[in-house]
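Labels run A, B, C, D and E following the written order; every chain starts at residue 1.
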Amino acid sequence: MMRAEAGDLQHSIAPDMRDTDLAPEVLDRQLERVWGTPATLWGILATVDHKRIGRRYVATAFIFLAMGGVLALLMRLQLAGPERRLIGPDRYNQIFTMHGANMMFLFAVPVMEAIAVYLVPLMVGTRNIAFPRLNAFSYWIYLAGGVLLWVAFALDMGPDIGWFAYVPLSGPQYGSGKRADIWAQMITFTEIAALAVAVELVVTVLKQRAPGMSLDRVPLFVWAMLVTSFCVIMAMPAIMVASTSLILDRLVGTHFYNPAEGGDVLLWQHLFWFFGHPEVYIIFLPAVGMISGILPTFARRPIFGYLPLVLALIATGILAFGLWVHHMFATGLPRLGESFFTASSMAIAIPNGVQIFCWLATLALGRPVLAAPLLFVLAFFFTFIIGGLSGVMVASVPLDTQVHDTYFVVAHFHYVLIGGAVFPLMGAIYYWFPKLTGRMMSERVGRVVCGLVFVGFNLTFFPMHILGLQGMPRRIYTYQPDMPWGGLNLFVSLSSCLLAAGFLIFFIDIMRCMRWGLPAGDNPWNAATLEWATTSPPRSYNFARIPVVSSANPLWDEPELLVSSGLRVERRELVISTVAAAVPEARDASPANSIWPFFAAIATTGMLISSIFTPWAVVWGSLPVMVTLIGWFWPKSTPEDQA
Amino acid sequence: MTSILQKPRMAFDLSELPLHGKRSASLTWWGTLGFMLIEGSGFALVLAVYLYLASIATEWPLGAPPPDLLPGTIVTAVLLLSLIPNMLVSRWARQEDLRKVRIGMIVMALLGIAPLVPRAFEFSALNVLWDSNAYGSITWTLLGLHTTHLITDLIDTLVLSALMFTRHGRNPRRFGDVQDNAMYWNFVVLTWLPIYASLYGIPRL
Amino acid sequence: MFAGLRPRRMLLCTAVLLASASGFAVSLQSSAASDIDVGNVGGMTLRLALPIRQTSGSAGRAIFDHDRLFVITPFPHSVLALNLARTDASVLWRYSPRADGMAAGLATGHVTTDGAVLSAGRLFLNTFDGHTIALDAATGGVVWDVAMADVERGETLLVAPLAIDDRIYIGNSGSDFGVRGWMAALNAATGRMLWKRYNAGPDVEVGIGEGFSSPYLPREPDLGVTSWPANAWQQGGGGLADAPIYDAPLGLLIHTTGHPAPMNAEQRPGANYFTSGLFARDALSGDARWFVPINPHDLYGFGAAGSLIPADIHWQGNNRAVLIHPDANGMVYVLDRSSGQILSAHPFLEVNASEGLDARSGTLRGNPAKAAHVNSTTRDICPAWPGATGGTARAAFAPQTGLLYIPVSRLCMDMEARQASFMPGTPYMGANLRIKPPRDSNRRGALLAWDVAAGRLAWSADESLPVESGVLATAGGVVFYGTLDGWFKAVDASSGRPLWQFHAASAIVGQPIGFQRADGRQYIAVAAGVGGAAGAVAQKEIDIRDATAARGYANAIRDLKPAATDGMLYIFSLP
Amino acid sequence: MLLIALALLACKREARELRTDPPATDALNGVVPMANRINGGLPRIFIAQGSPYENNAYQLGQGKRLYDWFNCKGCHANGGGASGPALTDGRWRYGPDPVSIFLTIRDGRPHGMPAFANRLTTEQIWQLTGYVRTMGAYSAQTAAPSRNDEMQSRPAENRAPAATEIRMPPSR
Amino acid sequence: MRALATSLALLCAGCTGSQTVLAPMGPQAAQLNWLLWSFILICGIIWLLVMFVLVLALRYAAVPSQRGERRAAVIVGVSVAASALVIIVLTVMSYAATRGLSVAADDPLVIRLRGYQWWWEVTYTDRRPDRMLVTANEIHVPVGHPINIELSAADVIHSFWVPNLVGKQDLIPGRRNDLTFTASRPGVYRGQCAEFCGLQHAHMALLVIAEEPAAFEAWRDAQLQVARPPETIEQEAGRTFFVSQPCAACHTVRGTNAAGTLGPDLTHVASRRTIAAGLLETTRGSLAAWIADPQTIKPGNNMPMVTMTPEQLRAVSAWLVDLQ
């Protein structure tokens, strides 16, 4: 099929045809022919267009968000009153585990990477992400991991060990059945996907930037994703090691976590949190990037303190690896070591402070327009700072011994994750929705959504601080009537309906506006970065001609955007530029659509799921993986293979 | 649609640039580097687990004599020796000398198989089973992880060697692939050295 | 008489049989037989090989009396009286008590019998299922039969009775089932119980009163209660660990007490008196005279297993009535028989479970690094729980050489303490155990010759497998012992030089005896047939892939061949 | 397709039935021994419930816990046997069928196996029965338990202990 | 804001609870409480300041100028420096509190606490082993005397947390942790397992009962006694049933043959305020209900439903409720 396509092209187009002198219409037609995805099943499965995959990724992540939200509502329903019998302990444990694992592994990280998959190539002015087939593969693997987890849950086989899966509860002796294995293998799926995307993003950012986009002209969201991707690369292997060793313990009887044979249960916690803490920043840093992207547009001035913000991003990324022990303050580690981690945990507040102050300065020095995206950013300020400050509290060893594993911590991290990441994410959706769809979202509904979500969120989660201080532990499926928690819990449960209503309207509005929203135009917000320099939604090739950048805010600073010329149009060609100064050094080909990543993902899925049941699956299961990978990488004599 | 239909200002002519970036101008090179970073983190973490378990144990190795040196040392020697042809292949690939690269790839394929033979004996030379205790678990995991890398790179080398003998062989991209493959083999060999030192040295401390 | 010789091939076909050890009167162990000596033992030949055809037992300990040989097989027991006067050694009579099959499940790793005792024309025996029986030695008729132990609770009678004058002394076993240990005296004529004293509990029940003194115990009442967690002594074990002895001049009954239950020592903090020690009691009243804690707060289930050998030796310039006790914990103790004072204590092989005796308190200093804990495996504890010696491995002392011949198991173990819950009639153990050879060698056993006066090793004869048999030291300067791989060996008592050996059809864990017939000729008899802890491996349905099978013992002797399991009685003499 | 197949396989293996109704307990206890008292017929409810004590991971896991708790190890070690016979070798004195194992545990056997009828409930005896059967299995069940957090003794039930060859290097 | 008002109102309600951080009943908890409020105060001020600046920033109509940029840079720099200072102060405060909490007490009462799924085994150590006392789910402590709790776990990780007295510490299989606290006022303080430990994590509570030293010693002496002999025929029947049926396989009642250690020691079960790890108040009715159907009351717990007749149930509960 691919060969036929290639043949067509060669038939009609002269080899080495350049864009230099083509009329815009011809150029568009030709590029669309080369870069486009046919509207067939094959096209859907084989596409490597970062925008299609990014959209899929975002949509899937939001579906998981909605499903995870339903689980949260179920939990609130159960906890609305003492000793309710709506959900039994077994199912409840599955539900809160699913909620946590789903939100962290299937929603938060993937959605951030998904948005980056969509936006980063546009923002750096290139035509596709690096390794687009790997990108396609990563989506299918991610989808398989999510389906695995949810199908298992539907079969009463969902993990019931908490998203942190502490051994020995998740270990071979106390986690009977395959529930913990499903959790652990879901981790493998999502981490493979995340790592693949991280490598793509790093290479895209470092090597595919538009000519002239030196490192000091890179949009802050791109910077944030670069730091995030490095965090992913350094942190995710830890959870892979952890989950693999857990499966080994459970399947072939290794003793990593068996204290009786020289293993250690705290080893799990070290490995898990060495990943788990950076994970928080993997979720938060993209949000920092989103805010840094939204704020200048609505403050109508360039961001204040570009360099400090970049340095703060990098500092956060590095510090994130030095504070995992603050999740383990109650495990009885040596006090001196714990105090070191208190200091490092609190120190991360400093780069966060730099970010906040720079944003405030941007607002103060600009002329803010209170549009929906900015409202979400303001909601972020209100809530995230509460979460950050309660984070300072849990970073203190003695205080943590009182609030650790209570609803105080539940409140804290929802303030950090929803306040710090989901609010900016919703702002980002409102902000970039026109670019994705070509249509505006409703400003009025946006305000309603923002209000509902903001109020609902605070009413739901603020009382949890108090519940925690009143002694309510986390992860309990019920509580006794003589505990003084009933009233607040009912209040929280009722408030959560408000929050849910906000999200419901948000989702409905997205559906509505995708079809009936007002047409947006290329740059509806009059923003400064490159993604607004192309059409909304962008054509398959992103930019008809690769822009040339001479400022950090090209659309503001340059009266007319300069472009480059000389690329071939009968193959997928893009510009490779140097790491620091973004001087073009090659016109390389970008791989064309291929069905092989899809097959490879199916083969990998088969191997990974089977290997929960028998270790030999790794041997025989890797044969189809090998075959599909050879099919993937074997040259097909397309123009893309020319050099 | 308006923006693309306007005649933009051409400021930069890319037409003279090469069709394919080499070394650090190649995306694959960077991608290989990225995956090496991921796997390097993985190796470092598994080694950290080894050291952690050793540090909490009352004795190390646990209930087993230290591993026998011979097979592991043979593997190390073969791997180190393989670096020489590996670098030659890389250089020939840079010179785009197809004949030499073909020979070199066959040599490298053989040198990829060679360490697997003593490696098979290395597992029993550990003197412990993976399910005996945590020491056995971590040593088997370390060795298994590295063996996986040997095998995957061997498969990569084999496929690439086959490719070099097809009509796709004479292509700068292939020569780039050969160089990346050589770089990855260097990585596989170099990661082995700290593993070798830990597996065989720490139990003898 | 020796027409009983049969082709070995036929013997292999005999039914599943179990073998035994014996509990000999000490005088017989160091046989006075003098015509077999170092010079001529090499020419010793087999005179009789008699398969003991029983449904599930083989030769136990043999007793020679007036050309009759009494043989008792392990549980379910059977007593045979053989007529040695006839060339075919025909059976004079046979007695098989009714057996309670449930007891078969109570043998902790091995079903053996410690044999019987002959006194005043009566044969007294303890059955494993809890009966003490007196038989008429001439006819095999039952004189009396009393039930002394409750099998339902896991209580058994493993150690042979001791007959002194008109009294029979018996003690119970079952420490592994949490059975509280006791010692009792029966009237030999009627079987009526004269007294019964417990090895733990309140002073009244233990028999501690006015006449009791011990330099190694705190002067407090009711130590048998206060050295245990509340009420734990009630299921604290401490049954008889090894054969008791009688000291006629002092009128003392000296006996060992077994290990405390459960094996998980964290569940029974305290010294756990009076388990794992040596008791001297007034033989008439049963009142305690002294007690020596050998392994207080016993961490490894040693009990105070090991032979008790009274000897009158030259000790530091004086003649002294001492008690020599090679203990399961790997130390040879020399004690004063009258006071219980420890005169010396030396390790006779590599021991790391303890670090010698505390000079002042006389108690063993444990090695904290080798203590077993819940949730962690303590590795390479030497010796392992079956003990460095003891059980069927009975030592012998030869006054002429001044050497003590100790059959030794040189094994180490990995141990993990586990929470044990007490349910009467089920094992109250609380440990995962895995036994293995010591790190540096595969010589798992030896016969050691220990110079008692000097407190050092004289010589040793190493064996591949643990030595589980008793030792016979003859006046002729020859020492006999058997091995698990079926060799019956004679070595020079002064140097350990091998003199003679014979390959039996099965492992030898029994006690060799020497006797002299009316014709003046000397005979050596030994029972072959794998039993003891090794019997569990060779005969029970043990799966050696489980490293903890047979409480880890299977792992230690996994190369033991399971063939040739029939019980045989061999008699040798010079041609 | 794979997922659907998995789903069907998985249906009952993971559901955790925490409470058995008293009438069901009575019915489960209603094993009719044959004349030899060695084995007998499975109660109909056993099948009707979907044989949870044969293939449900939770029930088998509970059985493994009971094996440890109720001193089975004292006689049978971790399956290798001691004073009681080995359970991992795939040989059964009274046959491998669940009912005979149930009867063995409930009523005891003459050569030393005590009765546990007064120590365990019917449901627990069935859990233990199911677990004991996995110990001597020649092919591992998906639902069979893994190793315990204790001293290593043998390959766990999910590694089909009875199928591995009786030949291993001495574990030291 | 309504949330804040509501929460303030509810905060006060929380101050009187028996399982709350906000009503410290010992020096350790008091120190933590002080630290908590200091943090809340400092963090609250910072939050209000930032919100104030945010409102200002939105209201303030800036005129772009170089001077404004420079001034903003100075303000941002000072703010960062100030926040670094606050961080240092908070770290030092936290470190000081850690030091203060980990001071070893002289001659503490050492209590071993072992976590099981899903109950607590409490062992009072003593120089004399026979005065060691094993009980469950209820810790009596003398007021004013330092208590050292040694924490260990039998199965999975649990966490000991009695917020009125001290912060939490985990019970970890294969490891041992220590915790020191003192109760300064008599009272009943509730604690609950604070590390997810499986099905019944929600119902794994314990009570710490602080008493005057004399009352504590009296309690301890009473607990050391063996169980009361039955007085009525019904109680006698209850005991007979208990010791001959599965109950005795798991539970110890000192003074009878029941010596199982798989479940809580029941020698003085009726002297404890609650059964089933803080789930039900101890009454004859609750005991009967618990025995009759433990899996409905606490699904998934390890107590099986033992088949018995109503008469037997009545007898057992009559006997158990008499075990004062």
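Everything that follows uses one rule, which is that a contact is a pair of C-beta atoms (placed from the backbone, for glycine too) under 8 Å apart; a residue touches a chain by one contact, two chains touch by 3 or more.
If you're wondering where the values come from, they're calculated on a predicted model, not measured in any experiment.
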| item | value |
| --- | --- |
| Co-neighbours of chain E and chain A - touch as defined | C, D |
| Those chains which touch chain C and also touch chain A | B, D, E |
| C-D compared against B-D, more contacting pairs | C-D |
| Per Cα centroids, the chain farthest from chain B | C |
| Chain A and chain B, separation of their C-alpha mean positions in angstrom | 29 |
| Chain B and chain E, separation of their C-alpha mean positions in angstrom | 52 |
| Chain B and chain C, separation of their C-alpha mean positions in angstrom | 62 |
| In chain C, residues with contacts to at least two other chains | 375-377, 414, 416, 420-421, 423, 432, 439 |
| Two or more partner chains touched - positions in chain D | 16, 18, 69-70, 119, 147, 149-152, 155, 171-172 |
| Residues of chain A whose C-beta touches two or more other chains | 88, 90, 168, 173, 249, 252-253, 255, 258-262, 264 |
| Touch relationships between chains, expressed as pairs | A-B, A-C, A-D, A-E, B-C, B-D, C-D, C-E, D-E |
| Touch list for chain E against partner chain D, complex | 173, 199, 244-246, 248-250, 262, 293, 295-296, 299-300, 302, 304-307 |
| Chain E-touching residues of chain D, taken from the complex the two chains share | 16, 18-20, 22, 25-26, 65, 69-70, 118-124, 149 |
| Chain A-touching residues of chain C, taken from the complex the two chains share | 375-377, 416, 432 |
| Residues of chain C that touch chain D when the two form their complex | 101-109, 176, 375, 377, 414, 416, 418, 420-421, 423, 425-429, 432, 434, 436-437, 439, 536, 540-551, 554-555, 558 |
| Touch list for chain A against partner chain B, complex | 18, 20, 24-25, 27-28, 130-131, 134, 195, 198-199, 202-203, 206-208, 211-212, 233-234, 236-238, 240-241, 245, 248-249, 252-256, 258, 261-264, 267, 270-271, 274, 522, 533-535, 539, 544-546, 548, 560-567, 575-576, 579, 584-589, 626, 630, 633-635, 637, 641-643 |
